[in-house]
Amino acid sequence: MNTPRVKEILSWYGSDNPGTLTNLARLLNHGKLGGTGRLVILPVDQGFEHGPARSFAVNPPGYDPRYHFGLALEAGCNAYAAPLGFIEAGARDFAGEIPLILKINNHDVLLDEKDPLPALTSGVQDALRLGCAAIGFTIYPGSSERVTMYQQLREAATLAKQNGLAVVVWSYPRGSSLSKAGETALDVCGYAAHIAAELGAHIVKVKLPSDHLEQEAARKVYEKEKVPIASLAERVKHVVQCTFNGRRIVIFSGGPASSDETVFQEVTAIRQGGGFGSIIGRNSFQRQKEQALQFLGKIISIYGS
Amino acid sequence: MNTPRVKEILSWYGSDNPGTLTNLARLLNHGKLGGTGRLVILPVDQGFEHGPARSFAVNPPGYDPRYHFGLALEAGCNAYAAPLGFIEAGARDFAGEIPLILKINNHDVLLDEKDPLPALTSGVQDALRLGCAAIGFTIYPGSSERVTMYQQLREAATLAKQNGLAVVVWSYPRGSSLSKAGETALDVCGYAAHIAAELGAHIVKVKLPSDHLEQEAARKVYEKEKVPIASLAERVKHVVQCTFNGRRIVIFSGGPASSDETVFQEVTAIRQGGGFGSIIGRNSFQRQKEQALQFLGKIISIYGS
Amino acid sequence: MNTPRVKEILSWYGSDNPGTLTNLARLLNHGKLGGTGRLVILPVDQGFEHGPARSFAVNPPGYDPRYHFGLALEAGCNAYAAPLGFIEAGARDFAGEIPLILKINNHDVLLDEKDPLPALTSGVQDALRLGCAAIGFTIYPGSSERVTMYQQLREAATLAKQNGLAVVVWSYPRGSSLSKAGETALDVCGYAAHIAAELGAHIVKVKLPSDHLEQEAARKVYEKEKVPIASLAERVKHVVQCTFNGRRIVIFSGGPASSDETVFQEVTAIRQGGGFGSIIGRNSFQRQKEQALQFLGKIISIYGS
Amino acid sequence: MNTPRVKEILSWYGSDNPGTLTNLARLLNHGKLGGTGRLVILPVDQGFEHGPARSFAVNPPGYDPRYHFGLALEAGCNAYAAPLGFIEAGARDFAGEIPLILKINNHDVLLDEKDPLPALTSGVQDALRLGCAAIGFTIYPGSSERVTMYQQLREAATLAKQNGLAVVVWSYPRGSSLSKAGETALDVCGYAAHIAAELGAHIVKVKLPSDHLEQEAARKVYEKEKVPIASLAERVKHVVQCTFNGRRIVIFSGGPASSDETVFQEVTAIRQGGGFGSIIGRNSFQRQKEQALQFLGKIISIYGS
Amino acid sequence: MNTPRVKEILSWYGSDNPGTLTNLARLLNHGKLGGTGRLVILPVDQGFEHGPARSFAVNPPGYDPRYHFGLALEAGCNAYAAPLGFIEAGARDFAGEIPLILKINNHDVLLDEKDPLPALTSGVQDALRLGCAAIGFTIYPGSSERVTMYQQLREAATLAKQNGLAVVVWSYPRGSSLSKAGETALDVCGYAAHIAAELGAHIVKVKLPSDHLEQEAARKVYEKEKVPIASLAERVKHVVQCTFNGRRIVIFSGGPASSDETVFQEVTAIRQGGGFGSIIGRNSFQRQKEQALQFLGKIISIYGS
């Protein structure tokens, strides 16, 4: 039975069909945070995005795609997200044991452009045949290729919604029009979250915002309207506000964490700011399983407290 | 029962099916101006187009997508227009309470090109499933990407008409071939309105034209034929003429208004020139609700007088 | 009952279905030249191609799309051709009164490239729902975008023929590979007419050719074979020859006429050279209706004599 | 009844359906060379490719599309090949009298790029409705646009084979990566023939190869392996070898012949080298009919001897 | 009856349908290595990729497409892979005698770009009608055209899996972002294998990796984590690890072998490192048949020992 909080969250998605709500509920109800309205998701697309050795050499069991299903399951995560091959390689063995998010576009760094365009590597039909609860899609607002991405997302999201899947959008500003600092600037991050929500995402994933303000026209408004941006919790709160005033699930990936303690402080700030959770990849699978379970357990306990 | 004026307007659309006429009638019959043949529409795509903080920080309730449905409804507007996410987030709560226009393409300024191409962010099928009366589409005549836009519009408009929806076209000249002043030049504005009508728009939206004339070949004609362009009312009248001699609904967005009084004067000029109404976004939702209702009420009363 | 001449012309189109022949017959049988095998067509796409004020300010009733249906009808033209919006705005009022040609691609000059690509602005399905007898399509041989145009034409023509419509192709050489004089050079004009016929056009429209020869390889042949090119009638005859030796209907648009008398002389030359008629836009609707009717009447009487 | 040689040739096409074999047999069985396994084909796409006056002014009856059907028929050619318009203009009059090859892509020289891409000007559906036995397609190996061509060919060939048509590929190396001499170099010519066969062509058409070797890596092999290339017959033999060791029909177009005698010597060399025949356009229709019939008769008699 | 090893391998493909498993089993069960879980495949696309003379002049029987079917069959290979034309030319004669892999994209070197894009030359429907067990597809990670390739692969692989075919991916890093040495660098090779597996390949083919490390970010990890890379067997083992920890079949093409002995040593290293086999083209068909059979026999015996 859905908790009142889950019911409340589902009520925000009044234009979706019961199939999509069912899959959103699956994501919200699975794992140790089930029913709380908070989510911790394990994503493992780093093999594709950065290369296998950079991703798994530090903890070689991670080369095996089944490892990550198991890690997400044992840690009590809400869901596990990965590209086609990794999902195909474990979906039968773990059928029905943990909600899956099929990451349908991917980018590799054997060529790393300033204005990247990920490749479509799978699709809604794959998500359905593999028993996934959602598709995942990355957009790079700021890239000169963004129009193509938005339109690919539109097509995939339309099909996903018709077929009762949820849509998770990674919104990562990048491109020749943005400075490096601008990629995590608060104004840019909030804008990126808003774009993802306008494009119809059910769940939006962004990076933790810094207190940098990138665009001059935006900076003037933040200063004039005295938008609080000093603390991380305030910035999270602002991003949540930018995402339909909190009526869309928005979760965060880690910043350049220097220590576990920093991560836990960030998670605490996300929680305080009203963020819905975390998506934690490398920090999880790039340590031995026992440590990973402890680490994820601690994060989950912060959200669940 | 349709008023004689509404019947007259509908008579101009002799090639459309009864479904589309029904939705045009809905737009013309809703709100305080219902039946007068005039329209005031609330558009809220600025979150996507300029960023959420630049749009809503000044009046934070605007971060919530439901706010704008309510504002349009209470103000007695004819319709509310927004991108997919904003419409999805309120369509069930406000089902049937106000005609909706789904803005199916959008442009953001995390990258701002000289010759922009908006992304297709939703479509006719979305408009139908969300109960909308019309689709909205932006073209940028003058952009080197215009051929793509015109063809996207053609496809969407064909489908919309087949499915009984109305088509609203935002026609905003832009691009490396035009000077900044040229974007609102009278010749360019009239040309942009004409193109939108030729592309099959039922309702055309343009910016208020200045008395600048951009293209040399056009300037000669305006001068030779002594087209009156001195007053704003005369220029509005000319744009209406350019739009099939007034047999297509053409509405105007505000110029760079310095004060409410200026806006009211502009609205008066639109009315005098035979324009069909206004589409007013930022000037409405970027003030507190009470003030917004007063402001929109005043505009509506000018049109309704 | 078709005249012997109309029967003869139809006999050239042995690969077309009876539906297309019926629409070709409609074009050949309508108006004052009905049954003669000659055609005078009124085209009004200048609003899109040059802008509304440049097109209609000199004779403001022309801003109204119904004006041109009426002008073509009263003048006894064979057909009226225009883009989607202009046709939609009058097709019900004038249903069945005059054969219509839907101009399905268009180009505007808010941006005027050296190698232009018109936009597809409507299609065969529109022509069918609007009761048109034919589609019209512009190609710019010589443009670096011509491959796209030819392929768009191929798709539209295939569909038109399957659905019993006729295909009229405006073949206007343009592009960075041609000199200004080359655009109307005899060799280029004949080549352009031939390409249109090879692409499957039923009716080809070209500009009146000058005695300039643009391409060196062609010039040698004209000189060696002593192709007569001195008089306009000779050049028209050559273009007719280039268009399957006269077994495709080829009509001409006016050159830069300095006076009505010049136009009449050109029409006389077209008639003498075996051309099938004229397509006359600006010279018709850019004068008062009474004068236009007289002017068109004179042209028709030359062809009909 | 098929001759043993025709049966042998058909046996090479073990992956084709009986419909395609039937049309291959039609090509092999028609005309004076019927049953010999040799072919002489009349192609007339020069009007499109070079312009009508350059093609037909020297023998004006050639402006009429019916002329070429008649010429091919009277000369006893195996087939007649032309673009859409020329085929449409005679297909009913000559229905069933001579096998037709619809040339479905074409290139004109009003703009002549270094790396050309022909336009798709018709398709398999046209070939079927016009009663053709085969489609013809030009590829330009070496052009930077070749990927598009190969993929267009793949789509057309797949459809042709499904519908029982034969596929004839003109393989003409061109492009900025090749020297002028390289376009007819033996290594390049053999490579081009091989590519066409790998792409699934039933009949491959190449230019007569010179003894030039263009690519360094290839030259080394020809020298090391002592491939005989001195005489034209040897070079033809090599090209036949490159085309699946003679298990695909490969025919040749004329080189820059200086006299009829030279052509006859070339034809003799093709015959000696095991080539399957010739495709002869300009040399045929650019002389008076009587001379053309004599000329083609002589060529046919060489092949048939 | 499948051997335990074949059963084990098939168990890794839990998301595939029985049709695809059947075809994987056919590949694993055919030839002298049938049932061992090892594969030796004969690929002959060099005619297309390098030209026919460079490929076959040294052993002229290889010009005949049937030669290679016979060679693969007699040598006891697991499968034969080739482009459309070569497969079409022998599929009926050798129907059911040896598993076929249709290589559906190809690249030629008449134009050789720094960032190549192969052409799609056939498809899944062809593989089905020709009785093939699998499609083969080349990707060039590192090429600026890779997004197109990945997406073409995705479409083809989806269709192949729906129709019960297996998918073999040639993953060859190339492009302006990689040094020549980088194309076979261990980090790049492992990355390329991983990408292919993530894209859904059942069998991955890569080149033998050198001990070069190309990407700085990767090099640091290899050094920090002390990944063993000194011997070829260690490097093969690492690539196998990168390919889902050995749960995808990964096979190797020869390096620039200086002698047969070197090849045998490489094969021994592949076997020691846990590689699944070899794909050997030029080294096989570029020698006389008897020698080729001996050479392949020796390789097979190493794998089978």
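Labels for the chains are A, B, C, D and E, by order of writing; each one numbers its residues from 1.
Note that in this section contacts are C-beta pairs under 8 Å (C-beta built on N, C-alpha and C of every residue); 3 or more make two chains touch, one makes a residue touch a chain.
Predicted model only: the values in this text are computed from it and were never measured.
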Chains touching both subunit B and subunit E: A
Number of steps on the shortest touching-chain route linking subunit B and subunit D: 2
Interface sides of subunit A and subunit B: same vs different residues, half threshold: different
Intercentroid distance (Cα basis), subunit C paired with subunit B, Å: 36
Subunit C-subunit E separation of Cα centroids, rounded to whole Å: 58
Shared interface positions of subunit E, touching two or more other chains: none
Ring path (origin subunit D; first step to subunit E): D, E, A, B, C
Residues of subunit A that touch subunit E when the two form their complex: 47-48, 50-54, 57-58, 60, 63-65, 83-93, 106, 108-113, 117-123, 125-126, 129-130
Footprint of subunit C on subunit B - complex, ascending: 12-16, 141-144, 146-147, 150-151, 154, 158, 173, 175, 177-178, 187-188, 190-192, 194-195, 197-201, 215, 217-218, 221-222, 224-225, 227, 238, 241-242, 244-245, 247-248
